[in-house]
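We call the chains A, B and C, going by the order they appear; numbering starts again at 1 in every chain.
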């Protein structure tokens, strides 16, 4: 098992956002977490790489539990793509991608640069390698941030609503890159409402509600034959049939 | 006018012999101030209660009292407890400690102005907090702080003249000496004022150029 | 022993403080009147006046306070007989005017242009509109930055030491010379006096700002 998340609990003040969530991922799988807003999807993703440390529960990557002591080493295996990109403002696109390999993985300047150029090529942005983040469109920024994640050569990439900060006409380019990664066998865990991606590229959909996983299964089953009333309501709200087949 | 010109030609070289002292005071004090200011900013941002408290008291004390008093304290006062400095060193320390308190506040503000997502992204890829500060937050904060830092640098360049009060032979002290020798006080201090205007104007231009050179879109 | 010395010398220090505060009041008053006039000329005046105002600012902000003090004390007394106190008021006051005009100009310009337009639209003269509409807003905004100027001039009064004004720092020097020692203690007390009066002034100005505050003018945040 590549990723094992066990019984994660998280509370903020009085509200318990995550009430014991567990999930597992095999190498090469991609899973999409869906559900109404405020059900703890993003919190779950942040708990997995300890950006928000969980109150209870464990996260294991390749059988090793994440602790405060091995945190930074484990995070290299768990790349994170943010909703609002968080590209490093003072670095050109290529340096945004190269800084992790250089400063964390200890690669030489030259090797890191070459790696960064290859990853930018992979997301189709090699010709914009010398632009600063402020000079890129939102879609381009998100693709650079995916390249930045790839350059760490992670085991898994966690995507936190990667298209929701983008104008509708810019989401396509980002989704295309994610689909390509999924087809190349990258292990991916997403929080996203992109039904198109979920149907075509995901192995499994995880439906969350009220801090729990309500149901999970292959896209065809979950979209076309949901078991729970809440799932049906949610799917019809985002414009997916939801009537039992 | 031509009289003043002749006076200037005659006495300017002597005054300008003090320029290396003035500039030396300034560069050394600004360097101490920047290094110590960063430490203070760090203490005020990330230190525990004790470290934070000590840094805050330091900053408030140095910003709340005159630099001349600080300089006299160091130069005249510290020998009482066996710590003796020559005037130049005492002036460098006084100006450096004084400006560190101001620079600390500029650094602190600039670091706080960097969006939290930057540090989060750094942590998410496996950087330690110190690595995140070193490679991501500081390079951005230091660029943002340049305009305020430039103001501070020019202010301190003018403040180096205070060292004259403890007998450092910088340009103000030399000008006064010319005054006593020629009794043309008005002319000599006017000349000195012009020297400072040219000096601060030049430094301002250089710092502006530096600001433009290091500018990054979106910062 | 130490306490005795402080107590016995306190009257001298307090007298020095009194002189320093008088100097501060005079130089700030001169700076206020001149600085505000300069700001108004620079914003509303003919371009030549604006140009002259900016030139004045540049010159007085480019010269160190000590050099101005020496220039006015030794230099001007070549022509006119003025005492060291008067020289200090002029030197520091004119310099403060340069800094204050910058503060006031910024605050006048930050009052939205619609305010002036609305005032003119009701038939106010330009002068009246500036006095009754723009300035009441601009001056409220300026209290915050003016507090910094107050602090900085409070500390600058110590520089009058170099031209022999017997203010707080010069008093301290006299005490040290006459008692042969206790230098650290005397300077610590002097520093404490500056610190306390600086804080008192800031506190008073903060109260004033609060008192004059009008909804919509809470513009002085933490920043």
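One rule holds in what follows: a contact is a pair of C-beta atoms (placed from the backbone, for glycine too) under 8 Å apart; a residue touches a chain by one contact, two chains touch by 3 or more.
Keep in mind the model is a prediction, meaning the values are calculated, not measured.
Novice: Just to be sure I understand: the centre of a chain is the mean of its C-alpha atoms, right? Then which chain's centre is nearest the mean of all of them?
Specialist: B
Novice: Please tell me whether B-C or A-B has the greater number of C-beta pairs in contact.
Specialist: If we tally the C-beta pairs in contact for B-C and A-B, the bigger total goes to B-C.
Novice: Rounded to the nearest whole Å, what is the centre-to-centre distance of subunit A and subunit C, using the mean of the C-alpha atoms as each centre?
Specialist: One centre to the other, that is 57 Å.
Novice: Can you check how far apart subunit B and subunit C are, centre to centre, with Cα atoms defining each centre and the answer in Å?
Specialist: Result: the chain centres lie 22 Å from each other.
Novice: Averaged over CA atoms, how far is the centre of subunit A from the centre of subunit B? Could you give it in whole Å?
Specialist: Subunit A and subunit B have C-alpha centres separated by 47 Å.
Novice: Which residues, counting only subunit A, touch subunit B once they are in their complex?
Specialist: Residues 49, 51, 72-76, 79-80, 82, 84, 86-90, 99-100, 103-104, 132-135, 145, 148-149, 152 of subunit A touch subunit B in their complex.
Novice: Going by the contact rule at the top, pick out the subunit B residues touching subunit A in the complex.
Specialist: Counting only subunit B, the residues touching subunit A are 115, 117-118, 120-128, 131, 135-136, 139-140, 143, 216-219.
Novice: Tell me, which parts of subunit C touch subunit B in their complex?
Specialist: Residues of subunit C touching subunit B: 58-59, 62-68, 70-71, 74-79, 151, 155-159, 161-162, 169, 172-173, 176, 181, 183-184, 187-188, 190-191, 194-195, 198-199, 223.
Novice: Show which residues of subunit B lie in contact with subunit C when the two form their complex.
Specialist: So the residues of subunit B in touch with subunit C come to 61, 63-70, 72-73, 76-81, 109, 158-162, 164-165, 172, 175-176, 179, 185-187, 189-190, 192-193, 196-197, 200-201.
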